[in-house]
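You will see chain A twice below: alongside chain B first, and alongside chain C after that.
What follows is the complex of A and B.
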């Protein structure tokens, strides 16, 4: 009797062992691989927030509804994992057909060997829609374009007009000394003058770089690609950053993207330097009217300063294993950049994703968005700021192949941390940064 | 005397209270924040209770994101991981710690060495192997990896439970004519239930929180697990804190519940064999 029970239990366990994995198989569609009969193009993008995923999906659905030969399927990836993932995928020939990118990530992916040049497509789209020069330049190397520019991002100085008024400040700072003075005036009680990040992350890299640009230290490579980071302008920008950190919340050492915005919207900080993601949630998170949100160009160094801000275009690379699939991928990118579709794509994050084409900037599909209309002044200011923007490794017509090794290690952020957390002098930290960058690019 | 005893307890009570606040404080904060609107979450003067409690964050979580899909995937992967870990580690531990196999001790040591290899070193080679056998972007791949990482530790974890069962019982069963298989299932298995519960909970929680391999091996949105889903909610450039808090609450609860039932066995399993 008991033996029967044991047998039954054993049979049940075996049945579970067989049945459960079948349930676990799931409906994997997998990365492309490009099998002969497979008419689905895989698109990897790294815009993970649900609103962006949904908006991109709408554009993809609209494209698939046109009955193209190859339909597109999006798969959302994580920026933090994409470097390892794309490397593994290319090595195992399971890479996506379309991969979203930024300039320094492109320098990492190209040597893997799967990226197709898209020169004729970019030139065709340029004729039809007119790209800004800054949008294309960072993707041109070896006389070829390696990605199709899709949307731009630029940093601004954001400030709370209500808190400025309380402190008796009538206009946004234009120079570094005004920025620091205002930050000091705005710091009182629980309120800090500014929130800038000092974590070891890309957010810190980008904010310090905006100040380096306006201080004349944006180009830290020589014409031959050697590192030229250790110079007085870099030290001056880092000194300013260290002073601004003194007027920032005390946990700035852990800040990345979200925390300065949270401090700004809560009124715990009166200023921040970031991109256009500050527009959409401002009213909801701050409880203040839209008119309280101010924006201005990044303040410039008092002597030798120049207009500037970190600016880069996000783009799409084509990695299809055969010509037919590559043509399908190009057809999809043509569809995205048509003015009637482009606005819906950009408004996945209104204000953060800026148009890169002339007809896109005036397309009603973009300009009719509520957020864009409400903050028209700031949107125009961002487009204006884009004209003087730049990105490390790609300024002054450069294309530094090894820039991915510098940005991948967040060396700029580490330099900030050495001053902020270790109490090192800006000059010593910059010297250290120079050594680290030299080592990184020589590997 | 009674008063003196009570005073004697004060430091201990204070320490316990401090520890409770330290451990449960963040959980409380996350839970309360999940019921606040976005403005109240960020307010510079924080509120202990939501002023205007709202379920909006939860509504958005379940309607505007793929959270239900992440939840289902996590449950499937975690349950399968727990099941197969119990199966594999029970069989392995029985062989190693119950049967007198020559070299059994050395094999037991080797199993623990396998546990000490950092998982991230295996990322790229594992991806390539799974790609060759068409397992990339399947839940099976995650279950296999999770079991591979939990089984060695769980085999070792069962050691104390096995040692707590007197060998005399085996001998008595053998005298009654029970063979090794019957002894394993009829005698040892029922006595090992606390140990297997411990192993099941450990494997479930390991799988529930596993991020690195899930982020590499899963590509399709409809197969992603909770840690990947939560990371997606964090996003690049901006964070919807309300959504994140609601997601965290819904993710933590299923991991806590098994511990409530099997937590005491788990602690017992870790300390078993420490004192003779």
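What follows is the complex of A and C.
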């Protein structure tokens, strides 16, 4: 009798042991849904600041209010996690319908096999709104467009006019030697001439790359896709960067996006090289009038210099598993790029997100924004700088498939760190960078 | 508890049964097996399966996590063992482990002795000592970065006020980043050690201290002859668990320095993370993980052999 009770309890416990894990596995909730009756499109974007999330949501709400067949639902992702997350999402067929991207991330996602070409949509939108060539080029490969360009970003030299005036400097530097001289003149006591990042991150990658572009080292791949990083122009750009770091705050070795901007706004640094996110918070954070914020093109090398700056368009890929959902995703992207909606979308971060279409650049929905109006001169300068901008792996008509492996490892930033933190010579660090890049693209 | 039965006579019966070669029928044990089955299945699911998967992955040539791959034998192991950067990361992991172990143990011991007192301050500090422990790691990382930021940090501002200008964040200095991270991590986790040591100290009978005082032992001698030896089993367990825990930390390091500057804080787990998710070499990362697991297991085995308290041997 007692043995029977024990057996019964044992059977119940075993059944529980078997059922629990099965139950745990059964409740899968993929991000995309995607079932036959599911009329919701999932959109993944990586713009995490709350103001951007809210502004994107407004545009999405406006689209959903038009009663489309497929409504859009946004999910905010992290740039640090997205590489792993999209890979497993595609494997489990739970990828989003729309995924925001930048050119090098696109080269990573495409081989996963879920990205749909959007050539006809891009051509249609181009005819209707006219994209700039730089906006589209980085997304064209194998005679197809793989993403719809949405907004551009470009770096400028930002400077504090009030601190320049105090130091007796009357105009922004145009050449590397002027930049370095001004940085030295502006360094005094707790104030540094410039704040440039040297952390192992994308921020450092991008700032050094802007200087590489203006020094003629922007293209570090041969026509056959071989790495050609180790050249005198790269060494010169790195030498300049190392000199600028000497005029930067002492913890620049850990700087990313935010720290140089904080130093700039607090007056602890008189110059910085970054994108248009410097506009909106300047008055509030610095306590200075908008007229104290100066902007200029990235200074060029004294010999052999050329105009340039890192510039890239952010875009949206369509990964819907079936044609009907893909059409729904395309309808949403058409809606975003309509001039009356586009400005609201761009002003998620006014000044940072730049229009990529001709009618978008003149649309009142964008130009009427208070920040855009207040800093009209700098906004125009950024649009002008965009024309000479480029991004590693995509300059001079290139499309380097393996560029994601170079940017993913922050090899440019690591090269900077070897000079700044380890005291290596720029030539040795560039040689090391060449080896790392070769290894990265060869595997 | 030495494993001796609490019920008089039961152990003797069991021993006699075993000596006589009698074995209980397996059905008698069925309930026991059934009750532990959920836990065993869970362990197999969450530890055994990923571990097996990692080993299998280490013999392939997978790049992006989850992408197609083929079998390449021991190629990844050869590359891992010949990679100087991997061994440098293992070396930094050693520094990280020993640094955390020493700093956390010292702070925890001092804290436990302080909060073990009977004064009002000692009693009050028993609560706020736990404060760093309850702060999420992300917040700890942000707090320490804020404190030390050269632009708006409290520490550089205070230093500037006393005439020390230009003090930057130690996290941006390749020579100071590792010690600063060890200090930050120790600050975060020392309350755990302090509470465990404090709890263990409370179990030492007061009569022993009373007798020592009667014999004329001073505080120093009492600590080294009574408190420390009696706490050895607890310190042994704390050291083992704490070391393994510290070794595997990625979040604190990654949030503050991402392994920089110039790899100065790239420990083995950070190295593995970078391999898998920044360099997109999943199989290489798996091979390095397996080598690290073996090294860690050997270290744990060595620690148990050397540091195990004598009464348990």
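Quick notes
Everything that follows uses one rule, which is that the second predicted complex is superposed on the first by the 412 of 443 C-alpha atoms of A that agree within 3 Å, B and C clash if a C-alpha of one lies under 4 Å from a C-alpha of the other, contacts with A are read in each partner's own complex, and residues count from 1 in each chain.
One rule holds in what follows: a contact is a pair of C-beta atoms (placed from the backbone, for glycine too) under 8 Å apart; a residue touches a chain by one contact, two chains touch by 3 or more.
These figures come from a predicted structure and were not determined experimentally.
After overlaying the two complexes on the shared chain, residue contacts for A:163 are found with neither chain B nor chain C.
Applying the stated contact rule after C-alpha superposition, one finds that A:272 touches neither chain B nor chain C. Contacts of A:87 after superposition: both chain B and chain C are touched. In the superposition on chain A, A:79 makes contact with chain B only, not with chain C. By the touch criterion defined above, A:403 lies against neither chain B nor chain C after alignment on the C-alpha atoms of chain A. When the two structures are aligned on the shared chain, A:190 is found in touch with chain B and with chain C.
In the superposed pair of complexes, A:437 makes contact with neither chain B nor chain C.
Judged by the touch definition given at the top, the superposed model places A:251 against chain C, while chain B stays out of reach. In the superposition on chain A, A:50 makes contact with chain B only, while chain C stays out of contact range. Shared interface residues of chain A, touching chain B in one complex and chain C in the other, are 3, 6, 9-10, 13, 16-17, 20-21, 84, 87-88, 91, 190, 262, 266, 268.
On chain B, the positions that touch chain A within their shared complex are 37-39, 42-45, 64-66, 73, 76-77, 79-80, 83-84, 87, 123-124, 127-128, 131-132, 134, 136-140, 143, 182, 185-186, 215-216, 219-223, 228, 231-241, 243. Taken in their complex, chain A has these residues touching chain B: 2-3, 6, 9-10, 13, 16-17, 20-21, 23-31, 44, 46-54, 74-81, 84-85, 87-89, 91-94, 190-191, 257-258, 261-262, 265-268, 274-275, 277, 281, 284-287, 349, 352.
By the touch rule above, chain A contacts chain C in their complex via residues 3, 6-7, 9-11, 13-14, 16-18, 20-21, 83-84, 87-88, 90-91, 108, 111-112, 189-190, 198-201, 249-255, 259, 262-263, 266, 268, 404-405, 408-410, 414, 417-418, 420-422, 440, 443.
For chain C in complex with chain A, the residues that touch the partner chain are 27-28, 30-31, 33-35, 37-38, 41-42, 45, 63-67, 145, 148-152, 160, 165-169, 171-174, 177, 256-262, 264, 274, 277-281.
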